[in-house]
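Order of writing sets the chain letters: A, B, C, D, E and F. Residues in each chain are counted from 1.
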């Protein structure tokens, strides 16, 4: 390929691009520390999935007699990698005092929650099996249901979000969003036995509260009424509450922080 | 990174995670055989796409004079890899008698269907070209249309599903779902000249029947009325029938096993 | 694995597949030149993202004192790779006279637009920050918002589409579609300060015109009324116009080339 | 690239190559089981090196408080992979009765030797440090000395060879040969505190016996007098014996099964 | 890592390195075409080894009933890749007229030699088996003997060298040299039933002639007497001739173009 | 694979291996900092080779008009990676005060030597061309001669060794040793126009001094007379001096710190 550009032209191009960096600081990250590493966070999601669902992902030949070595090594690996990401995220967001100590403490507390997370995720698997006649067995759900994957990642991210870790939970949930089309903010509060069927297009906002035994179909929005208030609304409850045993069919939008869907309601979005 | 955890704490963490494995069998797969290999199935999808659409994917420099060697080697590779996955899936689902013989027979019959699949996929390409003014030529459709990709994978998975192969068709269609946002159950019956435009959010349920020359837009649900019956509904026709030449516009939900959209109907989901 | 197929059977299988290639030319690409390389185009998207948002993607340790070497090398890499893809695309679509010269000229003009693209993308970041109370800072938007990613790729693809490059812009936008569930045709005209929140299921058609300070939510369709006219409609304005400061809430469909949503309108798709 | 070969010519080429397979069985391996997997054996060498020298290779951040998990997982991984290779090797060499049981027993016995191997390898490190004024510390020897690497691999291979495992020890030592230029047959018997300096060109034959505190330089051959007897010599002691504290300088050839270099001898190959 | 270099210093460093490029043309390759691709040539060596020794390298599950597809596809792959490398090498060395046509002709002739190469390599395997009591079977020789690998690559490179291809044969033999320590120039003429035992340090010069049933040990040099004449000696016979059934033991140097080692001679390099 | 080991046996195995770690500190690296990263150092060697010989390795399409961007980016990459390795090596060897500042200073000084290194390496290329009638052109030497590669790496390592960097120069030269069979200690002092032909088995010791226009053949040792003194000899001149225009033929050993081979001597190792 001939490269016949006169050198002055190419130099001008380089200079004009650099000039555009100087002109607009919001979209550059120069002379600054490490921000985050999306690939690193995605790897941690997969390692946590191995830990949560032993034998489904990663090594499939686990034997109970030697399980502790596998689990121990996996926990060491997760602890090291997650501490690094949390540390970077804390440094980026704050002045960084004691960031490493805080990161280590957060990760220690976080990993201690794994058994509780497993208990609640088992109810989610059961909800999927009970709710989907097409499910052949529970293995198929753990292994391949996008709704279950999105909920798993959301529960993992929620525990970091609840401990004040910036950016990392967002990268986790956006990864699940990218893979499944299900966009659950890590701040949402979701009780046990939760099932999202099909799931593409589901949006669950930051301040949503969801009770037990709730079921959502694809395209459901649990959103804000209006965000014209922008950053002034930060922290305000803007998204609805769904009480226990609510079902919301595909395409419904339930909006607003004061909206409550009462226990057992079945919400039909529209006539078909 | 300092690793100052007292050893007893870390051992306790390991033990508590293992305890949660013992407590909840639905989300563990320990002391059991190989379940399935998602990456292996995804690779097979890509090899089958090379076989179906020669010269678009994989090697682009195919010459008709030497085509048979390429096709033969590709078929050998697919045959070996697919037989292994089908074999594992049969072992997982059944007592495993004659599983290998059955897997080999299924794969042999399956590969013999490739010419028929090519014939029907050619009608799908034509449907996309006729239905989308933005399509510059048919190459663009084969190469880049997500709706066509999802339908191709669904037709490939359907033939395995029809032969009683568990899990593998599901992994195939969930892969297409993840890439395109189009969720077609491998059990759905879809006739020729089918086109899904844009496609994100489309759901087509397990017992759906779709006639010839049907066109769907993004966000269309062909679903069940209610699944409160759960596993008792397994095998029952729960999803609608679309007769020939039906068009369903974006966001429409057509629900229920007894719902029939008659020939030539154009379904508008809502006023805009 | 025993390979007991009699040789004649396997030869017959090979012959039948090849026969199906001869029977159906629309889904084969044999005895023809290189068509395009999806992986190559996706790599270019990522390199352009590094160029547009320095320090967020790729190397994070950029220093302003040595920035010009990094930018220069990146531009050289993009120029070479993009020229090759544009060249192949032009060869495929036309008779190929002067294709290389034209490709080089197109890429030169294209890269000169990068500073303008950065300026308009900075308004998009601001729109996301102003419109989403959940956004902690603008870094999070650049780094992880799928709506911003889709709009970035669309603006990059639009400039190639406007210069008459076939196939490559489509591969770019379909890649963004696959990752985000947001399907924006590279032909759409989109003014500054544009924000798509959540985004899964959004469709923006080829001849759509969008003004300044417009905001869309997930599942919004800006589509055609009917495409029954098929290829005869090619080039006709089939998609709506949204004037400045329009907001369209989730799930709305706005259809037709003559539809205009006037300045400042807030469009509610449906009661919930 | 034009592919203008007439099809008959290319078919003839294929047929002539296949004809040459039929003509010469010694250099084909068709219609037969899996032979061995060089890459798999090389991976095992590296895992064993991690096990033998913790913290030098693989993970460098090991803490004694959590070491057992790392070691346990590593041993499980090695046990599984080595059992598979030994099993294949036994199947290839014998009628295969009880091959899996034998492979499992061999690997179990083999791994129990690791502590003894570590003890003798520590004497080899000391020998290198004592014998090479250029060595800054023992870490440098473990980390980068080719002679120490070759001896480590040889000791690992020797234990498999002594248990009757075919092919695998050979692949191990040929890997070390390829990396270091040092060719030690896995059958050689080598006592503690052994050092090979520089090492390229060293050959140590199958029936060599080497005492304690022996040092060899590059290019030394401990070989057979003549192998004209070919396969009839199989199993006969054909290579020399070096008693304790022998030093052999570069380029010397010591040949023959009855040759004994007595305790403490320093062998000069030639005047310089 | 702080990057505190003042910008002028770094710019000066860049300029001084570029200045050194201008000052010394022998070690730069700028404003010039593609030279060669070492990785590409190494890949071809491995593909040719798969072709020569079916079932040992690459796929191990070959069945004679479907072999022709595997061989055909492999030959197509080799033909395409080798033609590209030969083409580049011819362009680099000559004015490039008809370089592509010549490259295609050379590769066509070259591949037609494969059956003859297989026949002679079978004699080499036999020679190794007859000559090494440590060889358990011929599979072990094909699979793991470095001498056999080096001779295989040399015979492959020799056929390209004999057809006037520059650079590519050299890259092939230097690759074998790097792996085995055996340095055979592609120009050397070597008859059947040839065996190099151990092999590290063997050098066989460009104009060497070796008869049938010759055996060399490690460290043997078949070299030139003096190369003080430098480039004036180009093309002159500078290396020895070994007649049939010669054996040369380790470390011997046989030098000079007029030196002939007569039939059946056994050459001892030195007393030990 | 059945995993029937009783758990107590496996636990005992783990404990016995860990016990062997406690027993022998010389071959463990536990509860300690990062030691070094061989893969990282090897990558730096390849980046430095790209910098020294532009257009031969890495990108081959360099144009002088845009060279400065390529060189600048390459230097930034090398600077960052080499600083990290040197920093780790200094930390390992010393108490670590100011280790980062020292590492940055060392790398800055080191990179300033690149032009001088290029000048002397150009004389080495010329020496190879003048000395080897088989060399077709100088490109072939830069691209494929192992002797030239080993000398290049040695000169690169020597400059780090001379600045007191531990471990890194050793890893560099051992990498070259592994690839070429040529073992040059980074401490050796080697003047311009140096050529090693074939090279396998060459050893050049730490305190060797080599003048201008020297040529070595394969298997030459420039070594120490005896190293029985072990670590007491550290720093003493133990290896010979070769004055200008010396040639040493294959297999010769020249030993001892007081040995001087005078100007112009041609050393024959032995009668053949």
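Throughout what follows, a contact is a pair of C-beta atoms (placed from the backbone, for glycine too) under 8 Å apart; a residue touches a chain by one contact, two chains touch by 3 or more.
Keep in mind the model is a prediction, meaning the values are calculated, not measured.
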Least hop count linking chain C to chain F through chains in contact: 1
Those chains which touch chain E and also touch chain D: B, F
Required steps from chain C to chain D (each step between touching chains, minimum): 2
Label of the chain whose CA centroid is most distant from the centroid of chain F: B
Interface composition of copies chain D and chain F: same or different, split at half: different
Relative to chain C, chain with the most remote C-alpha centre: D
Contact-richer chain pair [E-F vs B-D]: E-F
Length of the line joining the C-alpha centres of chain A and chain B, rounded to whole Å: 25
Cα-centroid distance, chain C relative to chain E, in whole angstrom: 48
Computed distance of Cα centres, chain E from chain A, in Å: 54
Junction residues of chain C - those touching two or more other chains: 1, 5, 10, 14, 61, 63, 66, 68-69, 71-72, 75, 80, 181, 200-201, 219, 251, 269-270
Touching pairs among all chains present in the structure: A-B, A-C, A-D, A-F, B-C, B-D, B-E, C-E, C-F, D-E, D-F, E-F
Complex contacts: residues of chain F adjacent to chain E: 51-56, 60-64, 67-68, 71-72, 75, 80, 83-84, 100, 104, 108, 111-112, 114-115, 118-119, 121-122, 125-126, 129-136, 138-140, 142-146, 179-181, 197-201, 217-219, 249-251, 269-270, 272
Touching residues (chain side chain A, partner chain D) in the complex: 61, 66, 68-73, 75-76, 80
Chain F - residues contacting chain A, complex: 1, 3, 5-7, 10, 14, 61, 63, 65-66, 69
Residues on chain B engaged by chain A in the complex (per definition of touch): 1-2, 4-5, 9-10, 13-21, 23-24, 26-32, 34-36, 38, 92-93, 166-167, 170-171, 174, 177-178, 181-183, 185, 187, 200-203, 205-206, 219, 221, 223-224, 227, 229-236, 238, 251-255, 269-270
